[in-house]
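The structures considered in this document are given below.
Both of the next two complexes hold subunit A, though its partner changes from subunit B to subunit C.
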Partner chain A sequence: MSTHVDAPAPVERKAPTTTQIGRSIPRLESRAKVTGEAEYIHNLRLPGMLYGKIFRSTVPHGRIVRIDTRAAKELPGVFAVITGEDVRALIPDPYYGPAFHDQPVLAIDKVRYVGEPVAVALSEDPHIAEHAANLIEAEYEDLPAVFDEVEAAAATQVFVHDALRPAGMFPDLKHLHGRTKTNVALDFTLRRNDVEQGFAQADYVFEHVFRTPTVAHTALEPIVSVAEPRGPQALTIHTSSQSPSFVRSEVARLLGWPENRVRVRTAFLGGGFGAKLYIKLEAMVAVLALMVKRPVKISLTMEEQFYTITKHATTVHLKTGVTKAGKITARQCEAWWNGGAYADIGPRVTQKSGFTAAGPYDIENVALNSYAVYTNLPPAGALRGFGIPQLVWAYESHTDLIARELEIDPLEFRRANILRDGRPQATGTIMHDIATVEVLDALSSAMRWGESFDRGKGSIRRGHGIAIGFKACIAPTTSGAIVNLYGDGSCAVYCGTVDMGQGSDTVMAQIAAEVLGLDPQSVSVIHPDTDVTPYDMATLGSRSTFHMGNAVRLAALEAREKLFAIAGKALEADPSLLTVADNGVSAPSGRRLSIADVIKSTFLMQAGNIIGTGSFRPTYTSPSQGDGQSDDITPFWMVGAVGAEVEVDTETGRVRVTRLVNVADVGTPINPGIVTRQLNGGALMQLGFTMSEAVRFDNGQAVNASLADYKIPGILDIPDQTLAKIVAGCQSTGPFGAKGVGETGTFAVSPAIANAVHDAVGVRIFDLPLTPETVYRALRAAQHNPLEDQQ
Partner chain B sequence: MSPQLRHISFTLNGNSVTAEVAPHHTLVEMLQEQFHLYGARESCGQGLCGCCTVIVNGRSVSGCLYLAAFADQANIVTVEGLAKGEQLDPVQEAFVSCSGFQCGFCTSGFILMVNQLLEKNANPTEDEIRHYLSGNLCRCATYPDIISAVHAAATTLRKE
Partner chain C sequence: MIPFDLQEPASLAEAIALLDPDDPSVRPVAGGTALMLMMKAGLFQPTRLISLRRLEGDLRRVHVDEHGDLHLGALVPLSKLELSPLVAEHAPAVSETCRTLSNVRVRNVATLGGHVAHGDPHMDLPPLLIALGARARAVGPRGERWIDAADLFVGYYQTALERDELLAEIVIPAPSPDSSAAYVKFTALSADDWPAVGVAAAVRRREGVILDAVLAVSAATEKPIRLAAAEAAIRGKSTSSGSFDEAAEAAAHEVEPLADIRGSTAYKREMVRVHVRRALIKASHS
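Then we have the complex of A and B:
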């Protein structure tokens, strides 16, 4: 904006009538969602479209001897049957992935897990395509397989991949290129001061091992992609993706095309939770569509989602030194991440979450090792928390055990060691805008901690527990946005953030509306379309409100400057003194023009645009090799604490969570209603991962890959009371003080509940989930009367 | 594989309609392919999640399992049939005002089930609401707000 000196004498200025920040307005798409008319890629049909059905591997590790597609091809109505060798005719090296180029479009030479795509049958009729896929036969030469993450990391004979193939995208993975005879895809190391010296200073040293199982996203809109050739040299991909910009660049790379020939668009997503990131079906449908010169759609079944992407099973070994007074002097952590057969984003989980594995505590001496491990299981990737809930499960169960042993109140023990604003985290980065203390205080009051507590009677025992976790937002990433004022004064925001239920459309509209003096309900948010919307890294890791929110704010500010420059002439006023409100621009003189009339004053008719652009890229310092130290590891921190009250039935081992309180540092909430639903939704999703969810494998075969056998929380499973408490602080670098919240509710749920169970019945559960059988076995073991294992 | 198509006629959201269906076609497939109604949608494919809920002759069915041929002569109501023009029905209004949804994929099923619940029970307790809706899953876990929406809709309907 131009500087101006001769400011006219100040006149009384009308304060803005309202602010859009902090308003719990209903979502923009409310009407579409309650009438069933919201657009999902699930709904899409195109002229001439073929349906693909995938034929999948039945062995966990094997060399492909023969694939027989003859019977499938002969089935009337089958258009084509495609195998990995056919794909190789189009793309010589058809391997993709965000961290490693390790995953083939369809299996080539080897299969590496049960459920791996081997061939696809195509037909105009999805039933015929499914029938045809069932007629395909494959013969494999079985290879020995590895399933456990700790065993696979130490393996000397069985390797899932012959050599590591890091993608070029992340500079800190490049050194892994070409490594052989290993299942460890990434070994992240952090060293802060001297952990051995820290243990020597301690009065007590505690060691525990905690485990979490593989769990599944089960988005209710199963993963779906449609590829539509536009002639031989251009392609549109319609996909339920959280990362359209990545899909475009990765598909273009595979095809050897410039990015401008691949268009990727999304609609609303029926849930994502991390399952719909990077490449899932997009490379497959793109290749198939180009081969058959027809649009191709693949919609997974719920069962197939279990074979496509999961959340890492983990083993976490913790060792902590502590003084008699309760000061933590040292913490050592080794974490093994079961990445399955393809790396997906696992190596980033290993590093980005790995560096927080000592917890939100101020610890002088820290040593962390975090291993991304290949196994012969379905690939694991991001799931709402990006590895944080697994780590918090370990360090907050561990922390509670230590407080218990020292006979210090668990909340006071945490408060005494908590990492405060202005202090260095284990990477060396100084913490800013982190409300750890305020979160603990709010938790204490919401739980009425320290007051008398009903312990139950008879076979129903009651207990309460707490836990706290934190997360660094992923870095480095970029978001771009465009704000466009049309000739009639209406406004559209062009941004690549995918609204998968988290409410981003509404929040972006509120941000643009705040800057431009509009009603947010009148702002239209254009859904991601890489031919239209600017680059955005992805919708993940609670980054959108912060990154895209900043980009939208900058774009709206630029549009407002241009608007003021025009309006200044029309209103004969200094542009720097103009204000916006209620769809209009006002001058200090009291003169006012609607935005439409301002635009008309320069284009002389209802025409033209006023366009602002915004691009946001926070600073970042990559952790140094060897010690993982960085002075700028993340643009912002998220803090989430949970308190749980439980009833344990000592006769059955059944745990009922009666009250679940989650407290989060959310900066300044843009839409408190949406923030609350994200916090509660995250906490209740994690309740499923705590109480019932685990994908069970038999020789690599998932044996409960359906909602009949894999229990996600229903309305009867939620606590009597679920409460989200917002600790409103200020993220000084965020848009209007906001920070991300999409994952915060998940962090501390599992250990809070296990700590409450311990409080109720005196037994400790080290492995999730807390099924009645697990708890009952622990109760019997504590009575020195363990249950005999079933034959 | 060219199964014999069967001609059926039925009432769909108040209109008399006809369709050609194969024996294996489900109600959801027919609604999507022949009537371009996408509010009932297949998710789990096993009748466990409720995303495919459709009302057939006044009773809720899982449209992903219910065969289209059984719709012959039936009265079918989908979520698209609830609003009267621009005017949302009270349950839809309550889901908007209480934000009883996030991603929206399960919402059609919940709204149809809540309508059915409130027809039978004008003033349900929270326990009754939970039990009635236990066959519908919401992976976003917007359950607390869905319960609020049911109470709000019940209040509105009792005033009418």
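Then we have the complex of A and C:
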């Protein structure tokens, strides 16, 4: 494997030459992680702490007739066994969720999927808690269940929920309140001009259906939460969460408390990928801890994560009109998102990704429908890309098929239709700072597109393919930060961004250091603690570098203004003419004081603080109901393209990706080394979702819920060459020109590989993943000799 | 995991005495790579585990006797098989198979004895041991006995070993100068996944003619088995691709693959066909 980073071209800045931006400094926490000193909630033990073990539903849909906890309670060492009815005694309406208040802390009246938490056994000994959970018995009256997203959306008899309960946080969900006899939690609609007229203008119309399966996050550190009561009226929650601010708000809401009585803190996360967003175990441990008046910890196993949160399975129907010359005149898309039994953030995925479902193309007439659908499967939520990889799978497979059919080079076809800077996207928002053309150009050169290509021989056939995707950063969201200069001149950044392996601590330190003239390695980043760090919406959707980066920059600028005001007196200079570098402040006269001495000049000893605060909230216009139009849909766009070279074994159907090139518009990278690793990491994660990963269900029961049978890529699956290329770009509203990057590497991996397979062996795969059997069956079908399944 | 009794005997006799022929919840454990997964998944709850980690001597030794037979101690870790010059010289197909067996972390811990005695049909070495005509020496309270590798695997996770017997060693007979062997495996999901199909072939050939062949398949079937019809189809035939195709066809007809998440019955049947041919080609060219 080799990696490569193109040096970004310099961008214009008003500030003097930067010293910390664009530097690939090592991660601040590397040593602590390698030596095992880094803090993880998984290792936390508190005096008097009880361990909880969850007893889970074994049926996909059923009315709870009886839960027998007697044997579990009688087991020596068991402290308590708690059911949904016990929870209801403390909280009359114990339902939570970011979009819908639909998920009970523990099942009440009904269970809606196999694996749903029904009861919790508590003990000081985790083994006893586990044994006790195994002794709990439940009886259910089976109800008919729905699993497929398209069938569930059309269902007239089987409903997962009796009535829809939108949370009220999002105005566009309010109209759904109280709706009954439906499994559709949200139906998002976008209309741009007249799609029927667009089809009428076309010479050809193409229609295809693409599917993706349920997949899992498989973070190395499974989800873990600890709740610690501070008397009956206050709580501390230690949790591996990507969204501590939301946890505080939602737990306070459930308990009917003001937010200032709930403290939520995190440490490093061993991966998140969206699995640790909103509320997962936090409401459960909070309620349990208040009931038993002891700290309570629940640590999921890797297996239990499959029953907690997944990525949406999807069905996407695309229809495109195109002229003989290759101009797309109209595109229609219907997308069904299998949300599982509880909405989690699914309705946001449906809308926020849904409006990009026509792809990064300049299309006059667009009609999009996107449906969040309840089914009797484990809940689906955010997973690195927030729905975008599922849509890019569909529209880039579809786009490739059209180019082939028209006998136009796939790259030229895309170039001819690409959405350019200054043109309106399907929502009507004018594109700014979007390097789509540059990304395609860089992809073309990285893939040596158009040059001769080794097609393989014998049973090994070679092919190459490309794809491009884009994403709008989620909006509207807010980040706040504090920058604190201590009496000795050292600096701490207080921010709610969760470092879950993406390197945010390092990037925030670089931004603060750049503004204040410090060494970023000396900046300390205070981890999220809602009693200490300001509000942050969440660490998700590639938003932190942009939003929190801007907040940290503003906070550092405010601290610098205060520092200059003091230093101006000490240095007898106009504060507006002062500069910072190497931990000191300099005047035009050449006089210089260290930051410590500046602070000492006003506090008269090593004492005091200089505190700057920053809050960042970009502008936003909500899409209008009915046509989804908005003049300001997002603060920035991410663009990611992928080229893949593959070898297909025509006798087995096995596909080997030999070369994977990721090209990204990330604005100006703050730390190109971290950016490159993020792009490659995202690409390899999506490689797993492309080649082997799928949670398989039998009547709603996951049959491969473990890493023994759910196979993520191993080192031998990594392509011989995995490259990340950064095109020169600048997000004018970003901190020092930066935009987000956490998800960009995932966008276009799957269709690029399927397009390469098509190029190699002439068959099209419409459903992920591209397992050997899937490809083999397609090869046999193409030879008019389909593989027969004998009885 | 529910607490259990852990014993660490210092001798083979002591270990055997701690086994209980009537209690399936009493089991020996060596590397533990397979058993721990079953325990974590709640599929196996021991009352007593007899750890073999303190046992020494021939159990951990690789050596060649005066007849040229290769003796592999049951407690030899798979990574030692992979790297042993003796194994490379006397059974190169074993060394090669170990290189892609699971992953390096598992190979450093898992032992040959556990690999074989677990009876999991997805293990890589059993079909190769069958093809190589290996024998297993089992030791129990009534003494020791020899079991042919082909008779060792009696069902899904079932071996011919009694509950109070332990595997002491595997012996691979000295190869004849005109013989060669190979193992090919096919993984359907990740590269280091359990195989979906594993095929081993050992052939004796002279002047372009196959004198005889032993073929064994695993992973696709409920236990590692010999492919008698395929062996018959290739016996006395030339080492040409046409004869390999006939053997592959016979193999595809005689196996009854089990469907699972790694492939349907029909697909695995096709993969048996492809990999019997590939195993024969590889064995004939090594």
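In this text, the second predicted complex is superposed on the first by the 771 of 791 C-alpha atoms of A that agree within 3 Å, B and C clash if a C-alpha of one lies under 4 Å from a C-alpha of the other, contacts with A are read in each partner's own complex, and residues count from 1 in each chain.
The definition used in the following text is that a residue touches a chain if its C-beta (ideal position, glycine included) is under 8 Å from a C-beta of that chain, and two chains touch if they have at least 3 such contacts.
Quick caveat, the model's predicted, so the values are computed rather than measured.
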*First, second, both or neither for A:652, with subunit B first and subunit C second*: second
_Taking the superposition on A as described, I'd like to know which of subunit B and subunit C A:131 touches: first, second, both or neither._
both
*With the two structures laid over each other on chain A, which partner does A:773 touch: subunit B (first), subunit C (second), both, or neither?*
second
*For A:71, select first, second, both or neither according to whether it touches subunit B, subunit C, the two together, or no partner.*
neither
*Which holds for A:301: it touches subunit B only (first), subunit C only (second), both, or neither?*
both
*Identify the partner contact of A:37: answer first if only subunit B is touched, second if only subunit C is, both if each is, neither if none is.*
first
*Considering only the touch criterion stated at the top, classify A:712 as touching first (subunit B), second (subunit C), both, or neither.*
both
*asked:* From the superposed pair, tell me which subunit A residues show up as contacts to subunit B and also as contacts to subunit C.
replied: 127, 131, 301, 303, 706, 708, 712-716
*Residues of subunit A defined as touching subunit B within the complex*: 26-27, 29-38, 40, 42-43, 45, 75-77, 127-128, 131, 217-222, 268-273, 301-303, 500-503, 673-674, 677-678, 680-681, 683-685, 687, 706-708, 712-716, 718, 722
*Of all residues in subunit B, which touch subunit A in the complex?*
1-2, 24, 32-33, 37-41, 43-46, 48-49, 51, 78-80, 82-83, 88, 92, 95-97, 99, 101-108, 111, 129-131, 133-134, 136-147
*subunit A-facing residues of subunit C, complex*: 1-3, 37, 40-42, 103, 186, 188-194, 261, 263-267, 270-271, 274
*subunit A - residues contacting subunit C, complex*: 127, 130-131, 134, 301, 303, 651-652, 654, 688, 691-692, 696, 703-704, 706, 708-709, 711-717, 771-773, 776-777, 787-790
